Amino acid sequence: MSELTLERGLAAFRAEIDAPIAAFFSSCVHCGICAQSCPFYLETGDPKYTPVLKLEPLRRVWEAEFTLWGRIKRILGLEQKVTDAMLAEWEELLYDSCSMCGRCSMVCPVGNDLAYMIRKTREGMVQSGHAPEGLINASIRAITTGSPMGLQWKTLAVQIKHVESSSGLVVPVDKVGAEYLVLLSSMEVINFPEYLEAITRIFDHAGVTWTLSTQCFEATNAGIQIGNKDIAAQLVERVVAAAEALQVPKVISPECGHAFTAIRWEGPNLIGRRYPFRVFHIVEVLEELRASGRLKTEGKETDRLSMHDPCNLARKSGVIQPQRNLMDLVAENFVDLDEHGKYQWCCGAGGGVSSNERAEPLKMAAFKRKKAQIEKVEPERMVTMCATCRTQLEEGLETFNMDIPVVGLTEMIADHLVEKTPAKDDTRA
Amino acid sequence: MATPIPEKTLGERLRDHGLSRRGFLKLCAATASMMALPASMVPRIAAALEQARRPSVIWLSFQECTGCTESLTRSHAPTLEDLILKMVSLDYHHTLQAAAGEAAEEARLQAMEANAGEYLVIVDGSIPGPDANPGFSTVAGQSNYDILMETVEHAAAVIAVGTCAAFGGLPQARPNPTGAMSVMDLVKDKPVINVSGCPPVPMVITGVLAHYLTFGRLPDLDAYGRPMAFFGQSIHDRCYRRPFYDKGLFAESFDDQGAKEGWCLYRLGCKGPTTYNACATMKWNGGTSWPIESGHPCLGCSEPSFWDGGGFYEPVSVPLTANAGTLLTAGAVGAVVGGGSAALAKHGVKKADAERQPVTIDELEQTQ
Amino acid sequence: MSDLDRIIPETRAAKNCARSPRDFGNALPVLNEIRHALERLVETGEETRIDLSGMPFGPGDLDRLTAWLGKGEVTATVEALGPTQIQETAIPGVWLVDYRSGEGQRLTLHLEIAPVPELLRPQPRDLAEALTLLDARLEEDQGTPPESS
Amino acid sequence: MNSAMDFLLWTKGPMFDIAMVIFAVGLLARLVEIFMLGRATNYAEPRATEWLPGFRTVLTRSVPDPGTFQRAPFNVLVGWIWHIGFLVALLLFVPHVELVKGVLGISWPALPNPVVDVFTAVTLFSLVATLVHRLTHPVKRHISTVEDYLVWTVVFLVVLTGYLAYHRLVNPYPLALGMHILCAEIFLIILPFTKLTHIFTTFIARWYNGAAFGRKGVQS
């Protein structure tokens, strides 16, 4: 029976090296600025968490096999070898202490996209058998059950019933030819069922046709987090198959950061072809509805609100202004954190850190950066649009005894929808 | 022309020739100036010269152009005439002596015998080395090398006058067809003083003689065996145009405004920064001017390998042979090498991709 | 070119470079050196000689210096090994001593900071022989001029 | 003959050729090694084109975001100062301009020597500061390798010998100049094989970074 080995890991590192990787490693001057952008270094003060150092295994393979001088060094016996022991040591650095938030990619003076390199390095870690247990289990569950948390359709079906009874609306399922296929994340289904009700009401309000798919409802991708193409591709294929089966032109990724980047940016490359549909984050869809006047709201939140931009949505996907436009729609006392948008700070839970139980202390340490940001602005509530971020914010704020509730943006929009009766008149007219 | 060892001191001799004490004092002032010594040294020089004795000098000319002799005979202070008559006994010099043929050579041998161990040998011109064809340069059928070695054997010291004698000069420039060598390449067991320059500043030649005469010993020398008094500072350091260099004001062509204003000639190829000589203070033609003052960059003629040290009009910082062609060729080679290296790497990537085993959940489970 | 032309500066050279007036050059440091020497002369009587031919002067520097020093009351010529022109500058105690060869070429040019330039004073050994010389002359009724030593 | 002038002529002659050839071969090899690897086709629907954001990042990445500047002001400022000083001395000193003109036939205006001198002195001080920083800052000390110190030494020696040569503080001058040229040649020789390649590859890296983020709608 086949097994994961160092050789497979090295081959995976090799296969991941492309022109940008070579340019990045060629350019690093060890200035250490990346550490100043990493919440894991900043909040622990341990220099081993310097981002560029986390890439050492990949760098060694690049130097030895992709440079002239490296080849000469290899002949002279000066090669720095990548060993199993080394990879075991680096497992913590590449998984526990990196949420792939990409902030280092934004500040590196020579322009290195470190998050891109971390993602590629994880490929070799998986192939060599050095991925953390929590992520392995999530991957296995995702493949075998369809959900990283082992959630079944029957659980979701119960949620759908609740939503339908509380809203008096129908949640469309397996509706061929709908405009949007809505995907969910297991965490939302379990922790934040209000999201499903919110989109049901908003889409009904705006007259959007949409559907869920019994074939695939899960948007999250454990393969992306653990860093393995094979698992990631299988999970993406499920989404594509479901969308193709229902012949939808658009797919909506839920309030989950990595799920969006997985489907939106990595997915087509994982399966090696363009999608027959387009992918949007729910915030993008809401913004489009708002801009086209299909979102009619009344009243505004009056308390002081601030917002946490999920890294995957803002910095890594360019969705920054839409959520602010939507906030302006429903909040009159909104204030941004000091560093926000593409320069926001990670909550500390992304990139698989939240699925990696072992990383719990580091995850909480990294949160302190966010905590400090929140303390500076002193909001009464925080708004966000990622279930993982939201969970982390709630846990973190509770840990530090800060009484600041966290709400999802979509629900907040749903709360302010104008009552539907006049809309019926409109359709009649 | 051979002279016996002078029994009288120089002071007595000069007075015999009718020189008054004021005249002698004046001679000393001129000598101090010539030796680049401070004027405060004049009394000491006077005391020393009073007691000095005339040395016998043998002048040998080899592969040379007579420019050095020309330079010396135009030395104005004191004129060579004075020097010959009053200060040294020039017993042999091809160009200047009256005697010719056998008699001339006889004069040299006589002087050597009469002053064995005490005479000075002045050499101008480079010498075809012991391994070169001796026929490249001969005097009276004798090779330059043989004459030099024979003459130097009982000399007190050798003064190599001019860059050819000091460093090989023009004859030694690549490809050095005559196997030319400098005096110090060949003479290892006698003190050799190099008075380099093409030609040397005439006062420097006489100054070295005056120093030997005055103090009875050789002057302090630099790493090239040149008298520190004259070669201790670079042209650049003593150049009156130095303030322009320091201010960054340069002539960029020979007729631009900078050239007319007398700005620094660095960009026109001036070798002043790397050249050590006394031109900036001693000047030429009776103190009238010197190359930089007349608007021409220093060629660096008093330095070794100056003929092979880059174009006269190339600034000091310009590499000798490197050019864009070399760079482009090397770049092209690099591209090919890199292409090979990258192809190899790319092959590795493709192989890794082709042989890639997908990760299965079974495999993941095993690592638990 | 007459000797006096060389020693007593004219404005000719200054005019030549008037187009590019320069407030630097190597004349100024010499002027400072003269000042220090003069100070020593006044305070301790120490005399100083400065060799101007060894200075890295640029065109016009020497002329500018001599122009600055100006011309004093005393001019003297010593005929020994060619002429030597001695010119007092406008600064008492500062002398220009221009040593020339028999052909009129300058051997060297000194500045002497002294009450009287060395060359003008009788040399001590000559002075020692002076009395003998005078006696010899008195003894010679015909008054044949003695040879100078 | 083992003399300063021979040494200078050796550094200006054969050694310069050797250094330039190794530099050109090594650098081109490295650049080809990078570009030939290429990038996989990206099938994801882009939000924007890559070219313009790529070039924008090439420029804008020279200036850090305000937050980073606040967190690492010393690193940023000293880095800026010595890079500017080094570039001014390298590109705008008259002898260097003449060198480029002599080798490549292209030239540009230079700065007055005293200005370059000030830049050089400041560069020397800031280079020392970077070394102190590297030796004392926990992150920099931790991530520094032998190569980092080697490269620092070579860069420092290039500037130092240049300064000494300009001020003629080493005698004889041909020795001082030869040392400076030799150090510069060592710099050229190690450039393609050390982190000094960033002089060229940083623009490639920045472009790739800007392009990757740009196609997702973020100006990185």
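Just a few scattered comments:
Lettered A, B, C and D in written order, each chain numbered from 1.
Here, a residue touches a chain if its C-beta (ideal position, glycine included) is under 8 Å from a C-beta of that chain, and two chains touch if they have at least 3 such contacts.
A quick note: this is a predicted structure, and the numbers were derived from the prediction, not measured.
Think of the whole protein's Cα atoms as having one middle point; the chain whose own Cα middle lies nearest to it is D. When the interfaces B-C and B-D are ranked by how many C-beta pairs touch across them, B-D comes first. One inter-chain figure worth recording: subunit B and subunit C are separated by 34 Å, centre to centre, where each centre is the mean of the chain's CA atoms. Rounded to whole angstrom, the centroid-to-centroid distance between subunit B and subunit D, based on C-alpha atoms, equals 39 Å. Rounded to a whole number, the gap between the C-alpha centres of subunit A and subunit C is 95 angstrom. Subunit A and subunit D, compared by their mean Cα positions, are separated by 38 Å. Counting partners per residue, subunit C has no residue that reaches two or more other chains. Across the assembly, subunit D contributes 26, 29-30, 33, 36-37 as residues in contact with two or more other chains. In subunit B, the residues that touch at least two other chains are 337-338, 341-342, 345, 349. Chain pairs that touch one another are A-B, A-D, B-C, B-D. Remark: subunit C residues 20, 24-26, 48-51, 53-59, 61, 78, 80-82, 84, 97, 99, 101, 103, 105-108, 110, 118-119, 123, 125-126, 148-149 touch subunit B in the complex.
Note for the complex: subunit A touches subunit D at residues 17-24, 26-33, 35-37, 41-42, 45, 47-48, 50, 52-53, 66-69, 105-113, 116, 264-269, 272-275, 278-279, 314-320, 338-339, 342-343.
On subunit B, the positions that touch subunit D within their shared complex are 185, 222-224, 234, 236-237, 245-250, 266-267, 273-274, 276, 303-305, 308-310, 314-324, 326-328, 330-335, 337-339, 341-343, 345-346, 349. Per the touch definition, subunit D reaches subunit B in the complex via residues 1, 3-6, 8-9, 12-14, 16-17, 20-33, 36-37, 94-96, 98-99, 101-105, 110-116, 168, 172-174, 177. Subunit D makes touch with subunit A in their complex at residues 26, 29-30, 33-45, 47, 57-58, 61-62, 64-65, 67-68, 71-72, 75-76, 79, 137-145, 148, 192-193, 195, 197-198, 201-202, 204-210, 212-213, 216-220.
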